[in-house]
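After the structure tokens below, expect a handful of questions from me.
Chain IDs A, B, C and D follow the sequence of writing; residue 1 opens each chain.
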Amino acid sequence: MTDLLERENKLQGMGVSRLRKEDARFIRGKGTYVDDIKMPGMLFGAIVRSPFAHARIKSIGKEKALKVPGVVAVLTADDLKPVKLHWMPTLGGDVQAVLADKKVCFQYQEVAMVLATDRYAAADGVDAVEVEYEELPAIVDPHKSMAKDAPVIREDIADKDEVGHGKRTHPNHIFTWDAGDKAGTDAVFANAAVTVREEILNPRVHPCPLETCGCVASFDKVTGQLTVYLTSQAPHLVRTVVAMLSGIPESKIRMVGGDIGGGFGNKVPVYPGYVVAIVASIVTGVPIKWIESRIENISTTGFARDYHGVGELAADKDGRIKALRFTALADHGAFNSHVSATKFPAGLFSICTGSYDIPKAYCRVDAVYTNKAPGGVAYRCSLRVTEAVYLIERMIDVLAQKLNIDKAEIRRRNFVKKEQFPYATAFGWTLDSGNYHAALDKVLKAVDYEGLRREQAERRKKGELMGIGISTFTEIVGAGPNKVCDILGISLFDSCDIRVNPTGSAIARLGTMTQGQGHMTTYAQIIATELGLSSDEIQIEEGDTDKAPYGAGTWGSRSTPVGGAAAAMAARKIRAKAQKIAAHLLEVGEGDLEWEVDRFKVKGNPGKFKTMKDIALAAHTSNIPDGMEKGLDASEYYDPPNMTFPFGAYVCVVDIDKYTGETRVRRFYALDDCGTRINPMIIEGQIHGGLTEAFAVAMGQQVPFDEAGNHLGNSLMDYFLPTSAETPHWETDHTVTPSPHHPIGAKGVAESPHVGGIPCFTNAVVDAFAHLGVTHLTMPHTAYRVWQTCNALGINKR
Amino acid sequence: MIPREFEYHAPSSIPDALGLLKKFGEGAKLLAGGHSLLPMMKMRFAAPEHLIDLGRIAELRGIREDKGTIVLGAMTTENEIIWSKLLQDKCPLLVEGARLISDPQVRYKGTIGGDISHGDPANDHPALMLALGASFVLRGASGERTVPAEGFFHGLYDTELKPGEIMTAIRIPVPAAGTGYCYAKLKRKTGDFATAAAAVLLRMKGDTVQEASIALTNVGPTALKAKAAEAALKGKALGDTTIEEAAKLAMGICEPTADQRGDAQYKTAMAGEMTRRALRTARTRAAS
Amino acid sequence: MKVRIDKAFPVAAPPEAAWAVLRDVEAVASCMPGAKITERVDDTHYKGTVTVKVGPATLSFRGQIEVASLDGTARSLHLVAKGTDTTGSSAASMDLTASVVPAEGGGSSLKGVCETSVSGKAAAFGGRLMNSVADQILEQFAGNFTARAAAAAAPAGAGAAAPEAPGQLNGLALAWAVFKSWLRGLFVGKGT
Amino acid sequence: MAKKQAVAFNLNGKQVDVLVEPRELLIHTLREKLAHTGPHIGCETSHCGACTVDLDGMSVKSCTVLTVQCEGAKVLTIEGMEQGGALHALQEGFHQEHGLQCGYCTPGMITRAYRLLQENPDPTEEEIRYWMAGNLCRCTGYQNIVKAVQYAAKKLAAKAA
């Protein structure tokens, strides 16, 4: 028995808090991020950007810039036209100007790129480029986009009555998407005992990874080979877009992800900077490096949210929800550039029924153009899931307050019950597994919820503000089932390719792309358990499109649900072959064998066995069954039968200083259920990070604009990234409810704390004012804003 | 985020520095800690032709006591202030203030002289200096003069420091033993400027205020000395009503500008709130 | 970031004298703090620069001034000035309507309506304070203008006592206006 | 182009000489001229701390230091932490306590923590959070970074004893 444990420990497989393999280089400063790459003859590209949110370009003067020492060239849209690369398709079905073509549609839009021998000369060159603009009226508020007399933002598509997602009814209209049973839902609302309605905004924020976006593009004129090192969460998709765009055969394009300094959704789209750098390299024949500054990053690449929602619930007098009606006005900026599955232009917004058993539901999203940077990326979530979960987790609190029902109790009354799984939501999603009551009860007990409510009552008597927030969310991740999920027609499968060497070590390559999630460590653990080989001898590679099989990349918590499944399935193909070889070697039938940790042994004869190492060697000899192919390799392109639905129960306790408006997070307890747990240490790390980003979004993040479309806070002085001093201490916990359809039962976890955390913070802040009749407060809950609430309520008089 | 070209000079003595200032005049800027000037140069809002680095002038450094006066070289860093035994013992208000400035790395480079001569009301030292009744030693071609903190700050980036002059030292009368103190600062996050802050020195006799000194950060074109509030406290018993009166009087002199931190009403209210808190804390620290 | 300011200032000179100054665009420009006319394109179009210097920061806008209308009977001038800063990363525009109306005691009054806007980098960091900018510009313009008009009216000889148009805008005023929140916004307030 | 200046300083124990424009920032000299790409660029406005290096016993943000200011200085970067093939206790601590994810902030974090432990060998959690507040991390939420610093503090104390 101890021998069995020993062998298991040696594998360092699933369930073990295995230390990370990737750390070795990072703690030595030996990571290779894009800006670390230096190539002979490399030029540095810097972008000239528009100071206006909406303007015509009357002229662009290069002469002065070209005289700047070190400046080699200045590229504009006119230079890209001959190669037809001045516009590019977006991953959202729209097109986007690579360099502004006669007109700029958002502030800081790309107007020209200056190529110079180093970044100093490039910066001097950018200042010397003379652009003459004619300013046009700008639309900043999406509510004004579809006004009759609204200025047309996208003249290039003014005549198109659709941009990839159905009929457009206004030049500034992108799409209208809806789901559910409108008539049935309206009917329930018409006769409901109780209805509640609230306008709920998810303000424009930015994922702001610590490393900005950038690339090094290198085109070899002799071989026609294009190599691009870039900060992409989805290098294969970018390669496909570049191939479509440039006409270069995909086989001659190599995208390399390398090390990425965080992504959080910011690094999924294809950005003009990448494309101009590629063109510049094709034109000049030398490598081109383009790296964003932080201000450029916050101002131009991949913002998130800007969802202006309206939530409505209909319920009976006991708080049982009978119907849900959610709508949202989505500000996508000047181009519809974020990644969205063709059939889901509003992403997975229809997960908005959350953890609750709601018979009737209808949701609708209207997306419009404004003169703001393009994006609407999924900031540490699957597309539009944070927006959806925020709506339902806020609205159920609003309903509880209206009916004066405890906020935990109203959730219990509406939860989908354990025995209802798999559960079909009113929007047609099939929630794979869950045990919501157990999760919530465990958390309430852990924090002594009753005690907290008693304390709150006492404090309220003394005029103090204490808030208790609850969030019992259900996430939807792992895009996705190929029959419904595609981008530019390409299905959202993912892939794994495993080769076992004669001596029993292995290399596995996947189509995903780690940005800190620790794939080198966790994928090896999955394969180790499946193959019975030590994870230390399993090498993981991703991100180099020449080596890795095609995959849609790492976003929307796809890696474990899709990539991890592919790894397990590929490993199982190998094990199946190994079993045949073992039977041959042991001269027994396959049925006489049973698998144990790292070996096949003959049933009832433990002395007779072959380890996977033995089999690996045999597989490369003649001693295998007749007609069997040599080698021990397999690959899997995994098409998930369903999404996975991680869930959790969070409680947040805040104390608010009504005289300054400051909110102190006294306690945050997070229970997550991500199904089978591959590496508890990494899971906890992901939860800490996700909660911290949720804290940032709820308590301070917003990208502010003035009415002319000028940015009013696009550096790290104004944009809130909490430091160690501001960040609360996190308590984590878990339950395990495996996914029935996933090969190893895992669901994905990194996004849950962000998605579930944001409403938990807001619910806590609002709860602090609940006894004063406050039902909702708009994020972010800065001291200034909270003080304004106190002041309006007249509770902070001295 | 790349500065424009400039010439760099690193004089090793004050006369040399003054010489360079005279020589290059308008085109020259003094470089101390660099955490205001360099970012401004990187944004290309500032483009001096000559940068005169004061970092190599030994006589601009150091903290010493000279007959009841604490003398700090203008190039003394925030970190040196924080760890100074002398200041911890005799001028803890300055230490408390320095600890609330920006972040650790910036405090290694940021200097008290730079903070003061920048003339930015959002900086913390101006209010601390007003509260402490400090005076500044300014040296120019025509010699040296010592000017009180009160009256030194004329407006945003506009101080008594004349072109061609360098601030060489800061002189702070050692507060009487048992003086209560507090720097109460409200900020959005580490590294941010104050939404509002109040610096307080308090000398008590029993429950009665003998002397109160109050100055405010970032609620006007300069740091503000809350004279009316000080006068209202003098000779009175320090209680809720007197503290309230002082806070109201302090708010009365605020004229903040709205920004991402809040509007004028909020900032004014916060100046009052910081005054209340600083007075209460100072009271608990004061010997009666 | 746009603000509109509407003000009237007493001018110690008869309407004719005031109008004489007001109709002379170059004279008017010289009253604009920090403004310089660098080129006269034609009667109604000029090129010029405005320089703002504050603490260690300087911002220079170069652009065009257009005389949108010059109405002698109403003694009213409508100027539109547009410019971008020398790095092309910020832009500013001003729409000024100034008119002279008679006041008691033979004096006159200068009515000014000034709409100022800033875009780009400068707006990101100073836009919220445009009110005081526009106000200051108008205040100083009026001050210079009055002095000039008075001088023009003075028998000693027109323009003799005309004040030097300051080479740059009063640091204190504009600094406070344009750069304060910008510096708040971006820079760690340490050192110089 | 402004005249280039020769600057000599000690980098991780080795004497280096570079020829730079006065405006060149230390972070660029380290990364592009001296192939020390451990320190990273995250914000360029001295807020994020990814570019933190140790300069004459001070933790500084090398995006806001001119290389010409470093004449004769002693500069320590993440690359200089490993001694004789042995990891520094902090490098070990960050690995053991899972104090990093994407790794981008890690060199700055470790370099800053190095100076912190010189000044305060046994910091409490609160002190660590206060004295490390000049370094931003987007991945870890800091909790394991605090543990990593405590791990190193213990280890170094044991060594000293």
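One rule holds in what follows: contacts are C-beta pairs under 8 Å (C-beta built on N, C-alpha and C of every residue); 3 or more make two chains touch, one makes a residue touch a chain.
On a predicted model such as this, the values are computed, not experimentally measured, just so you know.
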Intersection of the contact lists for subunit C and subunit D: A, B
Among the chains, which is located farthest from subunit A on the basis of C-alpha centroids? C
Measure off the straight-line distance from the CA centroid of subunit A to the CA centroid of subunit C, and report it in whole Å. 50
Can you give the whole-Å distance between the Cα centres of subunit A and subunit B? 45
So, in whole Å, the Cα centroid of subunit B is separated from that of subunit C by 34
Distance between subunit A and subunit D based on Cα centroids, please, to the nearest Å. 30
Indicate the residues of subunit B shared as contacts by at least two other chains. 1-2, 4, 34-35, 39, 44, 102-103, 106, 109, 190-191, 260-261
Residues in subunit A with touches to at least two other chains are numbered 119-120, 127, 293-295, 712-713, 715, 717-718, 723, 725
In subunit D, residues with contacts to at least two other chains: 1, 21, 23, 44-47, 132-134
Okay, in this complex, where on subunit B does subunit A touch? 1-2, 4, 44, 103, 186, 188-192, 195, 244, 247, 260-263, 266, 269-270, 272-273, 276
Which stretch or stretches of subunit A touch subunit D in the complex? 19-20, 22-31, 33, 35-36, 38, 69, 118-120, 208-212, 259-262, 264, 291, 293-295, 515-518, 681-682, 684-686, 688-689, 691-693, 715-717, 721, 723-725, 727, 729-730
Footprint of subunit D on subunit B - complex, ascending: 1-8, 10, 34-35, 38-39, 41-42, 51, 53, 55, 79, 83, 102-106, 108-109, 190-191
Along subunit C, where are the residues that touch subunit A in the complex? 1-2, 84, 86-91, 93, 117-121, 123-124, 127-128, 184-188
Could you please specify the touching residues of subunit A with respect to subunit C in the complex? 48-53, 107, 126-127, 129-131, 133, 135, 706-708, 710-715, 717-718
